[in-house]
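After this come two complexes, each holding chain A, first together with chain B and then together with chain C.
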Partner chain A sequence: MTALCFQLKGRPEQRLDLSPLVPARLDGLNRKEIEGLSVATTREAVTVGDVFKVKGRDVQNLHFIGTDNRCDKIGAGLTGGDIVVEGDAGMLLGARMKTGKIAVHGSAGVLAGASMTGGEIAVRRDAGDQAGGVAFGETFGMKGGFIAIGGDAGDLVGERLRRGLIVVGGNAGDYAGGRMIAGTILLQGGAGRYAGYGNRRGSLIFADKPRHLLPTYVDSGVMEFDYLRLLETWLRGQGLRIRLGGRARRLVGDMAVLGKGEMLILS
Partner chain B sequence: MDSTLQRAAELLSQARLPVFGGLFTDVKGAAAALSLARKLGGVVDHAASEGTSRAARVMRETGATPASFGEVRNRADTIVVIGNMPRTRDPKLLDKLFPARATLPRPGDNKRELIVVGAKKGKVPSGVRVTEIGGKNALPELVALLAAAVREGPFDIRDSALAKRILSAGERLRNSAFAVFVYDPAELDEPVLHTVLEAVRHLVKTTRAATLSLSAPGNGEGVNLCSTWTCGLPVRTSFAGDVPENSIWAYEAGRLLRSNEADALVWIDALDGEEATPPTRSFRGVPAVVLSSRPVKAGRDDVVIEVGAAAADHDAAVYLPQIAGIGMVKATAANSKRPTVAEVLSRIEALIDAKGAA
Partner chain C sequence: MPELKVKGVTIVETFAEAFPMVGTRVIITAPTAEWAMISARTMTGFATSVIACGAEGGIERILPKSETPDGRPGVAVLLFTMDVDKLQTQLRNRVGQCVLTSPGSACYAGLEGGKKLKLGASLRFFGDGWQMSKVIGGRRYWRIPVMGGEFVCEDKTGLTTKAVGGGNLLVVGKSHSAVLAACTRAVRAMADLPDVITPFPGGIVRSGSKVGSKYAGQIASTNHAYAPGLKWHPDSELPPNAEAVLEIVIDGLTADAIHDAMHAGIHAIAKGGARDGVTHITAGNYGGNLGPHHFHLKEIVG
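For the complex of A and B:
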């Protein structure tokens, strides 16, 4: 069966709520019923058929083509299946998702993977603020799974991260790993100011020495970490070739809060 | 007047997503705006919601331990003022917090002390001991350093004089009978607010501690409370869907206007002595209905309605920081003929209803 494709007809006049377009909700619907689903975020009615050309049948394989930054909540609450976005995604991409895979060829908006509990999100270009952050009404950020951002990440990447792994290929904004509780963030291109602010037990891994270091992190020397080798192997399995080696300078903090988190600066 | 209201009703009933911004108004005005926004599937946002939204998010996530102004003035023995905004917003703040004459009995027998973080100590009431925690470090770092000192954690700075002051401030806070952190949520980033609360949470294991968060200008707290008791959510809420939806990012009025997602603006600026900063210069770009107690520059197609200023032209229920609640303020010019925001919005709503019925 060919993937179920949603091709955007043109820039929508309003933001679109695409949270109904996940396998669990589409399963058992015929083409007409799918085209009749509402994706409006204003009082002006907009259905799938109004803004998308729909093709294909396989609801477990969804393709969004030509989408832009107004296409919100793609794959939100996903409970299985594959989603490919050939374009950009708006806010809350894969927010609260449990399992499944989302691949975005362009950029994602704010709160990508917010409060997700499992599954994978890969964004080829940039992600907005609070990737893996706290979704509305939640008390934790990402609670499991994997987010790979090829380009830059905005502020507060991994905000209040509970579990899981985030890899940023480019630069991260301010407060990277802000208030993270646990979990791991790998920053290949450095970060803005206040990285690891309020970090409790999480690990921030820097490929290079960051330009700004919080004074509430304390140096505890260069050490060998078998964990880094395991991570490198695991990432290779995901198709990401990132050289981590086994040695890193370890800083412990944030002493302003619990102080059991760490920054590993690869050497 | 009637034709102006008719034009406003016309403009709003055609809008796809009208945004109600400014909202510098009393509780009745806010309630009327919320009612109309619900009818039209619009968005409500307050011009000073940057700080209140952040504070609401913090409250929702972890809770907070606020103290009232009177409690801080009468009972706190150590007051930590964070940043410049508290004293910019209220230049007499320190005189109010440190009255010359003792008021009520205080817990403990420490002399009262002030700790200023990330700002110059400035003019301080005589007889009050002050510790200044400032220097090259940015405000978020200074807050983190003080929080680390509170929990006796290590930190790493070169400025040894500052380090000494931070350590002694941390010790003083641990030995306080009642320490209070004073800040404006609009000045502190969200993670910084959380670190302040972490320090409070650490202190309350052994002593008493609390926060005093400065209220937003323009009755921001009052409007926020009104929104919360109306629909369960603070401002930056959209009524377009079946259930109201709150999003600090998506439903910020300025962003909605810049991105052209909103196609009509209702701008409300009608509080005595305060002025809301418009999101776009003279409301260009989006058709607007402007309810203002002041002369405004508006576009040719905009509908401008002159209204009375709350608490000047009519009695008004607004949030009063000194009582940390909503109270009635008597009008100073009670014989004014100008209509209230609530009256104008209700009449617009009635006109829209009549159109819908016709």
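For the complex of A and C:
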């Protein structure tokens, strides 16, 4: 069965709420019923059929083609299945998702994977602010799963992260891991100011020493971490070849809060 | 009925009687293959028989770097007991005293399955509050700060209640050296097989036992029917020319694994066995009333 494809006809007049376009919601609907679903975010009515050319049948395998940064909430609340976005995604990509996979060929807007509890999001290019952050109405950020960002991440990547792993291939903005509770953020590029601000027991892993270090982290020196080897092996299994090695400098903090978190700076 | 022989060695028409056990597998890794093996050997030391060791354990196989969770050399270890509570206690004590203490070691689950045994979930308390939990790919690991750095230990490992203990082969021969050489070959052949271990020293037990004794409080005593020095006794099962009998005991995660190991063992023993002086391959049982698993040698050879 061919993937169910949604090809954007042109730049939409308004932001679109694409959260209805997930396998659990589309299962059992025929083409006409799918095209009749509302994706509007203003008082002006917009249905799937108005903005997308719909092809294919497999609701477990969705393709969004030619999408742009107005296409919000793609895969939000996802409970299974695969989504491929051949284009950009708007805000709240995969927010609150529980399981399943989302692959974005372009960039994602703010709050990608916000408050997700499981599953995988791979963004080939950049992600906006608060990737893995706190979705509206939630008290925690990401609570499980895996986000891989190939390019840069905005500010507050992993804000209030509770569990799960975020990998950033490029640079991260300010407040990376801001107020994180636990979980892991791996930053392969640089980071802005205040990384690890308010970190309780999470791990921030830096490929290179960040230019600005908060004074509320205490140096524990260099040692070997089998945990890094475990993480490197798992990442390789996910198709990400990132050399972590075993040695790292450990800074413990944020001592302004619980102080059981860490920054591991690879050496 | 004609006597069944394999390369001149008589296969006695009998069966090995084996018992249900509970079992688990853990993977131990270390900076070098040598240190993974030291850790695994220590953990499975004094684990020959549940009669007095609390558990039966052994090294299942050596794992290359490509097969371990952290990309370091590893060893897969199997551990068996008669019930889940004992297995939990033995696992905690053995990993806690032998693997946690071993330089550079880490310990991971080696078995999936519904029911779980605590691994790092109980050892984490050694961290005295400085332990860290990390979830990678849906699996929880504990990082426990120790003098050598950090001990990484998976939270839980799986268990099976379908394990089988006490699969066995008794090798009878005209000289001790012939029987020892044949059994050594058999243990090597079984070592290559998955899901089984041979828990006794080098895989071989020279003092097979029977249940009970003439002495009160002695739960097991010598299998006098197979002791060559007692051939004079009417209970003896040995031919007049038998000089030594050695036994290989096999524990496995499944009955099929034991079957395959016994098959490999019999053929390894028979290979050159008759020429060297091995005369019979037989097996130990209790009349078939005690253990639900009966491994008939005749069927296994075929």
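Here is the rule we use: the second predicted complex is superposed on the first by the 267 of 267 C-alpha atoms of A that agree within 3 Å, B and C clash if a C-alpha of one lies under 4 Å from a C-alpha of the other, contacts with A are read in each partner's own complex, and residues count from 1 in each chain.
In this section, a contact is a pair of C-beta atoms (placed from the backbone, for glycine too) under 8 Å apart; a residue touches a chain by one contact, two chains touch by 3 or more.
In this text the structure is predicted, and so the values were computed from the model without any measurement.
Asker: Report for A:M223: first if it touches chain B alone, second if chain C alone, otherwise both or neither.
Answerer: Touch status of A:M223: second partner only.
Asker: For the three-chain arrangement built by superposition, which of chain B and chain C touches the greater number of chain A residues?
Answerer: Partner touching more chain A residues in the overlay: B.
Asker: Taking the superposition on A as described, I'd like to know which of chain B and chain C A:R163 touches: first, second, both or neither.
Answerer: In the superposition, A:R163 contacts chain C only.
Asker: In the overlaid three-chain picture, which partner chain does A:T233 touch, first (chain B) or second (chain C), both, or neither?
Answerer: After superposition on chain A, A:T233 lies in contact with chain C alone.
Asker: Just to be sure I read the superposition right, which of the two partners does A:R15 touch: chain B = first, chain C = second, or both, or neither?
Answerer: In the superposition, A:R15 contacts chain B only.
Asker: Check whether A:F6 is in contact with chain B, with chain C, with both or with neither, and answer first, second, both or neither.
Answerer: A:F6 contacts neither chain B nor chain C.
Asker: I'd like to know which partner A:F64 touches here: chain B for first, chain C for second, both or neither.
Answerer: After superposition on chain A, A:F64 lies in contact with neither partner.
Asker: Can you list the residues on chain A that touch chain B in the complex?
Answerer: Residue list for chain A touching chain B: 13-15, 17, 40-44, 70, 72, 91, 110-111, 129, 134, 136-137, 139, 156, 160, 174-175, 178-179, 193-194, 197-198, 214-219, 254-257, 259.
Asker: Using the touch rule from the top, collect the residues of chain C that touch chain A in their complex.
Answerer: Touch residues, chain C against chain A: 29, 68-72, 104, 106, 132-138, 141, 143, 149-150, 152.
Asker: How about chain B: which of its residues touch chain A in the complex?
Answerer: Those in contact with chain A are residues 16-17, 40-41, 60-62, 137-138, 140-141, 143-145, 147-148, 151, 153-157, 189-192, 194-195, 198-199, 238, 240-241, 246-247, 249-250, 261.
Asker: State the interface residues of chain A toward chain C in the complex, per the touch definition above.
Answerer: By the definition above, chain A touches chain C via 118, 144, 146, 163-165, 182-184, 201, 203, 223-227, 229-234, 237-238, 260, 262.
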